[in-house]
Structure formats: C-alpha cells, structure tokens
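In the part that follows, the structures are each spelled out as structure tokens.
The two complexes that follow have chain A in common; it is paired with chain B in the first and with chain C in the second.
What follows is the complex of A and B.
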C-alpha cells in the first residue's frame, strides 16, 4: 500500500491556504472553498450523455411501442404524450410469449439458453487464460495481452465472415474433419452449437481482460499467507484467489451477457430461423409494415430481461464495497 | 416484393437487416408532426381505396397538375436518385450526367418500408424514386408522388410494351404517376450439375422438398414472395389470398422446407450463392438468375445455371416515379425517359442488372443469341403475353396483410 496522508494532514495544509478567503466565502471542513455545484458538475457530461443517448431514445422506443401505425403505409407513428399511450399492442406482444401459438416463446428460451451457455463457456475458457497470463506468463505476458486485443483490429463483422467460410459445407473445418472420416456437417444450417460458438468467440476477450486485471492485482502476500496457514494450492485457489476475483467474474459475466441478449447479427450470419433469438425478432419486426410497435414492445421485454442480471450485479457490487470500507 | 442486387458485395443480407435499424428512429419532423393528438383508429387510408388487381385496374386520382411540357431543364442541377442498392448500372447514370451536363447523386434504401418512411418524413430529397407497385396508390393518395407529363416521356410509347401505356398497368391505368422499370417472374433456380432439367421439370415447386438437395436449398427472406409461391405450390390460385387456412398451409409448407429439408431464408441465395455451389435449389426472380452469371467462379460455365418457371407462375414489375417535392422535376422526367431509351435501358439490363425492361425492341431470341441470357435459361425471359396469364401480387387489405405477417413471424421465430 502506498503511504496515504492522513485526513488531518490534508485538512491542516489546505486550511492555511484558504484562510485568506475565509471572510468572503464559506469554508468546508477541508478548508478549501468550492462552489456548491463544483463536484456534482463533474457528472454533467455523463448525465448529458445518458439523457441524450439513452433516456431520450428509450422514451422514443416507449412512444413507438405504445403508439400507433399510420393507416396508409402502416409505419410507426409514435405517441409522444404518455397520457395517450395505448397498451393494446404491447399486451398482444406479451401474449406472444404465453398464448398459443406463442411465437416468442421459443426465441425467448433460445435467447436465455445461448446467453447462459455462452457466458459460462466464456468464463470457463477465459478464467484459465487470464490466470495463466497474470501468474505464469512471465516475459510473454505483454505479448499475450496484445494477442488478446489483436482481434479487435479487424471488425467483428469481418471476423464472422471468416467463420462463415471456415464453417461452410466445403470449408476448412469440414475438410479437416473429413480427414478423420467425418461426413461434412452443415454448420451454418441453424445449428445451436454454431451460434453459441460465434457468441463465445465474439465476446470472450471482454471476459478475459477484467479477469486478468483483477487476478493481476491479487497480492502475492495473500497467497503466501494462505500457504503459510497450511492450505494446499487447490485450497488456496478456492479460498483466496477465487473469492478475491469474484467481483471480476461478475463484471466479466455482465459485460459479456448484456450485449449477448440483444445480439442478432451473430445469429443472422451463423444461424438461421431455427436459432432466432429475441434480438432477431426485434430486428425482423422493425422492417415489416405495421410491426414496428411490436418491435418496440419486444425491445422493452428484452430490456427487462437484461435488468435482472444487472440488478444482481449492482447489489453484489454494493455489498462488496460495504464489506471493504 | 422482389429485391435483387446483382454485382453487389454479396453479404448484403446482413446489410439489409442492419439498414432496417434506421427505420425505427423517427425524424424530428415526424416527432413534431406527431405532437398532435394521435389519430383515432380506422380512418381514411386503405379503407377508402379499392385495391388494384389485374382484373380490377385502378385509375388514380390526380393530386395536382403535371409540370408544363415547356418547363426548362434545370441546368447544372444535381439529380437525386433514391433507389434500391445496386439496382442501376453506374455507367448508364454517367451517360445521363454527360448528356445533360448534370450530376447524379445516388442514395439507396434496403427495404421498401425504409424507403417509404424516409421519403414520407422528408429525410431524403429525391427527384426519382423506385417503389414497388403495391405502394403506388398510397403514395399518390398521400401526395408523395406527382403526376407525369407524358409529353416529356416520348420513349414510353416509342419503346415500351403497349400494355404499360394503353391502357396502362392495373395499378395505374393511364400511367398517371409511373413508368415501368423492370419486369420479372419468380421461379425456381437450380444447379444443372446436380439436378437435371428433366428432374426439375418433373418436380417444379417440389424441388424445395427434394431430399437430394436437402441442406442446399434457399428461399427468399421476403414474406410476400415466400408465402406467395407456396400458395401456388399448394394449388391456391389467388396469390393475394386472405384465406387463413391457405395462409397457414403455405406457412406450414415453408416450415417443413426449413426444418426437414434444411432450407435457408436469404436474399442472395440465387444471384450470389447458387453460382458458388453453396445452394443447388433456390427461389429466384428471373433477373437474379440472369445476373448470376457475373458471380460464377472462374472456370465454371454458365451451363450449371438452370431456371424453372411454370405455365402460370408469379410475375411482377418495378416502377420509377417522381416525388411530389422533387427539386428538379423536369430533369426527373428526362431521367425516366432516359431509362426507357432502348439503348440505355438495354445496357443497364444486359451489362449489369439482369432485370429486363419491358421494351418492344428486345427480342427474346436475340437475347439468347447474344448470350445475354444463357440458352438454358430461356424461361427467365419475360414476354408481354405472360402478364395476361401469370399471377400478380398486389397490395393487401391491412387485416389480410396482418394474417400474412403473423404467419411470417411464426416462420422467423423458427416455428
């Protein structure tokens, strides 16, 4: 730990500087004068950003979902006055989840399955990589980190096209499998495996990097303490390393899972309608006449779904903070 | 309705969808316009109109006067063309620029809803626009397109099939607002190195349920075309059917094709993927299979391309119109006339597009002799008499459209 000045020292030092102003401005405990809005104003860019790029668009989504369509072209006619909102289309959209033929049920189940499986695989594969990089990579560490980030030099879209050609019926993967006598597999004909593979491939770096950052910060002395107290390597890992990286695991899971919920392009490129997710249903509805309010409704459902892991994460983070302070 | 994109970067299925995302965000104008009280449901619009059908042609009411025939050409103007992507040969646009000493600026849309929405909201400035026929009457009624000055489009009567101007197409008798751009049929394309012509002839639409081609089948990702063809395959003779049982049966057939025969819904199956041998059977607009030759890998002969089209199948055409608020209406008329010019229109078709213009000067056998259409694709050539016998899809009543869309949603949700 770096030597931090105690509160008293800071107060003393600052007070002497601001003594001169005392007569004209209010002083605080610290002795330094700041206008009341000084610190909160630092949040202004963020607040503005959120207002313009999140709250406003979200309100438009609500206005589309609870609005109408124009009678001629059947394109969305958002109702911006919330007192005139009409929830009947939203009601129908919700019924699409549980009233026969319940067309949204399968996409919803697929969405949840893909997100859960893909995030878990990301964690299972990503953790050892992060662990190795943080602990045992030695002089290779920087190289590994660079390699982890390297895929981002090429757009995700381009990389998925590469997967498309690898996975084609006559692509390299089938060629290699053919050597050991496996019949060509139609990877791109709506295979769940392929979609999950695509998701894992696309999001795993976002899992590894926070895990690495956290594992790298765990102090050697903590591990030594564990070993001193008689714990073997496995026990040390389970009792020291794992708990200390729990926040990073949660953060990694949230970072990969949230975008996966809305990811429709991976499935567009690697799956088919047999693997369509809620994101695909939103995307499909947007371009159909008369269906834009339904797209808005589905977006709201998706948002609520995403809120659940988000709220859990926030609760866990708050707990962790209150434990350490 | 049909969308083709010959010679375009082939991964456009994604681009089409990505482009769709833009639709949901209304313009500021739309927001302001919507600030009044929301309309009560069930008013004007579709109820007030008779839907155009080949046996019930519609003469659209004039929403104003056409521009005067003596309107001067807008010198040095920039003509704004709002079109489907890759649906027009750049060289022909260049010819137009050279002839009139103007600049052509080209803006594209990826699906009709996006095109209409941006046009209606004033998000694009367009001098010419390319709508599908089912939107024409609504565009005219909503004052979004302007009546044409026939005196400025002499090529119509000089070069175009008479049925398009006398009396004119069913969706716009007297061609008050539209000129035709391209014509096409919808059939089944197949790889002749895997499926013989006789097998294709014997099977027809059943090619989509051919065990030998399982996993190598593609079908258009476009609800009117997709369900429309299955209706015909099921023996329904109305491609605009509002019969729930017929629509359900068509939907079930598509689901069977997808789930049992490993078919894929895509927009570039015919023109881009069939030539690459990725698909052996695909739903195909005639222009897609004619344009497919540009996509064949080096060394592959055009002989591998086949096209089946029944005695009575689906047929249609696309149009060019001039938006009401066009800034260069006279130049826009010249543009319409230019693309109806026998030479320019032919170059656009033969050297690039694959989609045929309805010209009297185009002789079907010459197309084959000149190699524009490979010999075995003779059924992809469209002739005027086909329009009197084949099935044409028109605008649907909103409640019937909802039936179609509900069936389509179910397909997209994976059944």
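What follows is the complex of A and C.
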C-alpha cells in the first residue's frame, strides 16, 4: 500500500478496460482460447462454500427468528417456508427495546455508549501516536512499528485476560494505586469504565495502523508548502494533514466500531450483568432453546445497526485490495 | 498565524525559535515533540506490558495470577494434576487447537487461492455476487456469523453433521476464507496478466502458464495467508466456542475463556503463552518464507504481515 500511486493507477485503469474486453469473448489478446467454464471452475469450490456455509446460515437465522416455539418443550422450531413466516416473536423482541419492561433498552444504550466512547478514545489517543510514528519516530521507527503491530498477533482473549489479572482486587493496578494512598478499587464488579478501558485496549491497534499508513503517505512537500505560505504548525495540521487523513480516520472508526457492536466477551471478562451489551443478550439467549428466536431477532437488529458502516468498510476493503502492492 | 507571518514567511522560523516564553515554545515548529514521544512510548508500554506480566505469572509458584509468589515451573509441568502438561483436559485442548488450525489452513488457503484466481478472471453476475458475499463475510461481526452457523448446525444439520470438531473446522474455514482471498487477490492484481500472456506467447498452454508462471509469483501471498490463517485459527474462540460439541472438542482458547470467568490457576496463563508462542512462531516462519520466495520484492510480504 505504501507506494507511489500515480503509475499504478494508470496501469490498473488500462488493465481493467482490457478485462472488460476479455469478458465479451473468451479469447485473450494472445489468442488463447479458454473453455467457458475454465475460470468459473476455479472459483466454484469457494462459491459453493460461501453459499452453503455463509448465505444458508443467514436464511436459517431468519427461519428461526420468524419461526415458532414448541409450547411443550420450549424448543425453537424454525419455519423454512418464508411464506409461512410469523413475525410475532420478532415483534416481541423489538418491543423489548421500548415497551416496558424494555429488557433490551439498557443494553442497547450501553452498547451505543461503549461504541461511541471507545471509538472516540481510540481516535484521540491513536491519532497522535500514528502521527508521531509517521513523522518524528526517526531511527526508532522500525521498533515502534513492530510493537504497534504485535497486538495483531496476540490473541484478543489473552490481552483481555491479562487486564483481568491486573485489575483483580489484589492485582498490580491496585498495588500501584496503593502507593499513592488510594484504597483498593473493585474494578471488575461491573464498572462501565473498566469495560470501555478493555474495549479501547483491545481495538486501538486497529485504529492506529490505518492512520499511520495514511499519515505516512502524506508528502513532506505538502507540509512544506503550507509552511512556506505562512501557516504555523497548528494551521498546517488543521488545513493540510487533517484533511488528507480524513478518509483514514473514517476507515479506522469503522474498523474499530464494527467488532465492538458484536463484542460480548470483553464485558464477560471485565464487567458484569450490570454492564452487559446487546452482544451479551444474544450470547445469553442463543444457549437457551426457547430463547433462540429472540437471539435470531436480536442478531437481525444488530445486523441492521451495523449495515451502513459495514457497506462502507466493504467498499474500503475492495479499494485496499486493488491498491496493495 | 498572524498577518505578519504571511508577509514575512522566511524570517519567521528563526524569530520564533529564539522567542522566549510559553508561546514561543508552543509556536516553534522545530521543537522536539516531547508530548507525542511520551504518549507513544507510554502507549506501547501500556499495550505490551500486561501481556508480558501474564506470561510471567505462568511461572508463579502460588495459585494466584495476580500476586507474585516466587518462580517455578509448577503450572507448566511440575504439578501432577493441574499443570498444563499433565492436566488431561488442557493437553487434549492443546492438541485440538493445532488440529483445528491445521485443518483450517488446509481447507481455507487452497479454496481461497482458487477462488481469488477464478473471481479475478471470471466476469459475470454470479462472480460479482460471490465477490460481494466474500467481502460481506469479511466485515460481518463474528458474533452474528457464529450464531448463524450455530443455528444451522443445531437446527438443521443436527443428526447428519452434529456440533463438534467438523463443525468447528467448517466455521473457522468460513471465517478465514475471505482473509486468504483478500491477500491473494491483492497480489494477483499487482502481478497483472502480462507475465502469463508472455508465457503463452512463448508457447505455454494456459495450464502451464498458471502452474509455472502465476503460481510461483503468487507463492509469497499464499504462504503469508497460510501463516495468518493459522494464527487466527489458533486465537479464535468466538466461532469455535459456539460450534464445539462435547467438552473434548474445546480448544485452548475456549478453555481459557471458560476458566477466566471462574477462578483460573496460572496453568491458564501457561496455556495462553503456548497460544501466543505458536502464533508468533508461525507468523515468523510465514514471513521468512514469503520473503524468501518473493526474491527481492519484499515490500508486498511486509505489507501483508503488518496490515499496512
């Protein structure tokens, strides 16, 4: 990704035009004839796999969410014929968000709060770090980059587990606070602060790297131009650097926010029922046979919630694929 | 920032640099970015230290994972029942972890590579839809995909294809497939069709051009995706937890997750360390091999591993 864009851009455009030409005939410029099924046969296993193990499961979610519950055994019974779908259970699930006792309302509010606060903190802390690494790291740059990337290769589970140990009543955090005279704090007793801390810790690497990549690509000459025209450091930043990294900021926010919507494990390890999220609601419901339609319904709600950021991320991914060196 | 600065830009730097006081320091564009420097190193310590401390506690002599009670290998192999090596449960989980990860690589990487090549050359409505599904799969939150697969196995395939190892492999492969497609596809686009065309101009059949020209060029990306898929499969616990059947099909990650919610012994830290070391080892091998086979042009390999 970190390479001069201009030359590449041109060849890519030319290439895609020739691709389109190729699609009308199975003949290449070289005159080699490919049987019609030649390339599709390469993709076939993957296409089949996705159809059976990716698209079909989503249909099953709909069938369960819009199915029925066996009254005697409290077992969810999916309805596979979509013309017989029954939306009453789904409506009940939706009413859980706004009709008393509104059991999903608090988790929904908490989920949104966590996502918004944690993503904002990720950006506020991540941006200066990416900026420093791209512009001022000097000879330390390789080391800093390795350390920034390291969390990608360390399991999320282990990283949150590590914090869980540090935040124990007799853990190191309380030990350090004890030195300055703070009484031991029960961090893990269901504090929203702890859950947000965990989310920030877990997802901030995914924010820093795209920001770094984009800030690194800004050419020094642009900044010098700003300086030459009389802008001070603050103004150069606001008028040159920030606009040029706007897209990376958006992409970073989406990359960290998307998994946070489905995150139930951070709260499971660092919080309690008092801090539960929509993800926890799904996770709790799915293991109880009678609650599975509700779990399916909540999954649909979550899917709708993340639809727009998801489509944006898809577009960015497609762009990144064609831009990678 | 003021009008005088705009009229006399060339004199500004030296004037600002010599100006005293807080404002002079704030406005000096050449001052050392002490704040940013402190923040960055502080962040890195904050990011890495907890993990190192967790590794350290796998060598704790006592049962606590938060109070240091001396060094020992008790939780690694010395304790007769509860150490990682002798606890039947954890040992089985370790084997299961690697079994799942290897099976996932064996399935996801070949299917993904073929899919990337096919989708790159095959234009049509099905191809576009498949590409869309692949990208959608890449961005959908893992929880949603996992419960969808869980319901499929639990409600539809329960007798023919029950939850357990095979279901876990299917789930992991589905979850990792698009990852390997994306890595290979990016490489494919940067190679372009020219090399193959040249080979065919020189008399190679399409099959030969694919085998002897395209595949060697794709190899760095294929190896890189294998390493990354392996590492991800070892670390995965969301998909694997929903799709695990009997307790014997739970890999290390699920054991750690379950234990962490009760009162884990340091053998859990040891288990997490094994996971960490094996993913880092795999990534290192993958990085080394993919740099090696890419001969010279190493930027692509580095880009894949750093996500930049």
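The rule is simple: the second predicted complex is superposed on the first by the 247 of 325 C-alpha atoms of A that agree within 3 Å, B and C clash if a C-alpha of one lies under 4 Å from a C-alpha of the other, contacts with A are read in each partner's own complex, and residues count from 1 in each chain.
Throughout what follows, a residue touches a chain if its C-beta (ideal position, glycine included) is under 8 Å from a C-beta of that chain, and two chains touch if they have at least 3 such contacts.
Note that this is a predicted model, so its numbers are computed, not measured.
Q: Tell me which partner A:319 touches in the superposition: chain B (first), chain C (second), both or neither.
A: It touches nothing on chain B or chain C.
Q: Considering only the touch criterion stated at the top, classify A:239 as touching first (chain B), second (chain C), both, or neither.
A: Neither partner.
Q: Please name the chain, chain B or chain C, that touches the greater number of residues in chain A.
A: Higher number of touched chain A residues: C.
Q: After the superposition on A, what does A:104 contact: first (chain B), second (chain C), both or neither?
A: After superposition on chain A, A:104 lies in contact with chain B alone.
Q: Determine, under the contact definition given at the top, whether A:74 touches first (chain B), second (chain C), both, or neither.
A: So A:74 only meets chain B here.
Q: Of the two partner chains, chain B (first) and chain C (second), which one does A:34 touch, if any: first, second, both, or neither?
A: second
Q: Counting only touches as set out at the top, which of chain B and chain C does A:217 meet: first, second, both, neither?
A: The answer is neither, since A:217 touches no partner chain.
Q: Scan A:64 for contacts with chain B and chain C and give back first, second, both or neither.
A: It touches chain B and chain C both.
Q: State whether A:230 touches chain B only (first), chain C only (second), both chains, or neither.
A: second
Q: Across the two complexes, find the residues of chain A that touch chain B and also touch chain C.
A: 57, 60-61, 64, 76, 78, 157, 161, 168, 170, 264-265, 268-269, 283, 286, 292, 295-296
Q: List the residues on chain A that touch chain B in their complex, please.
A: 57, 60-61, 64, 67-68, 70-81, 84, 86, 101, 103-104, 106-107, 110, 157, 161, 168-170, 186, 188-190, 264-265, 268-269, 272-276, 280-281, 283-292, 295-296
Q: If you look only at chain A, which of its residues touch chain C in the complex?
A: 1-3, 11-12, 15, 18-20, 22-23, 28-30, 32, 34, 38-47, 49-51, 53-58, 60-61, 63-64, 76, 78, 125, 128-129, 131-133, 136-137, 144-145, 147-159, 161-166, 168, 170-172, 201, 204-205, 209, 212-213, 227-235, 258-259, 261-265, 268-269, 279, 282-283, 286, 292, 295-296, 299, 302-303, 306, 310, 313-314, 317-318, 320-322, 324-325
Q: In their shared complex, at which residues does chain B touch chain A?
A: Against chain A, the touching part of chain B is residues 11, 13-14, 17-18, 20-21, 23-26, 30-31, 34-35, 37-39, 41-47, 111, 113-114, 116-117, 120, 135, 138, 141-142, 215-216, 223, 258-259, 262, 264-265, 277-278, 398, 401-402, 405, 408-415.
Q: Which of the residues in chain C come into contact with chain A in the complex?
A: Its residues touching chain A are 1, 5-7, 9, 12, 27, 29, 33, 35-37, 39-40, 43-44, 46-48, 50-51, 53-54, 57, 64-67, 111-112, 114-115, 117-119, 121-124, 126-127, 130, 132-145, 147-152, 155-156, 170-171, 173-174, 177, 181-182, 185-187, 189-190, 192-193, 197, 200-201, 206, 231, 234-235, 237-238, 242, 253, 256-257, 260-261, 268-269, 272, 275-276, 279-280, 283, 299-300, 303-308.
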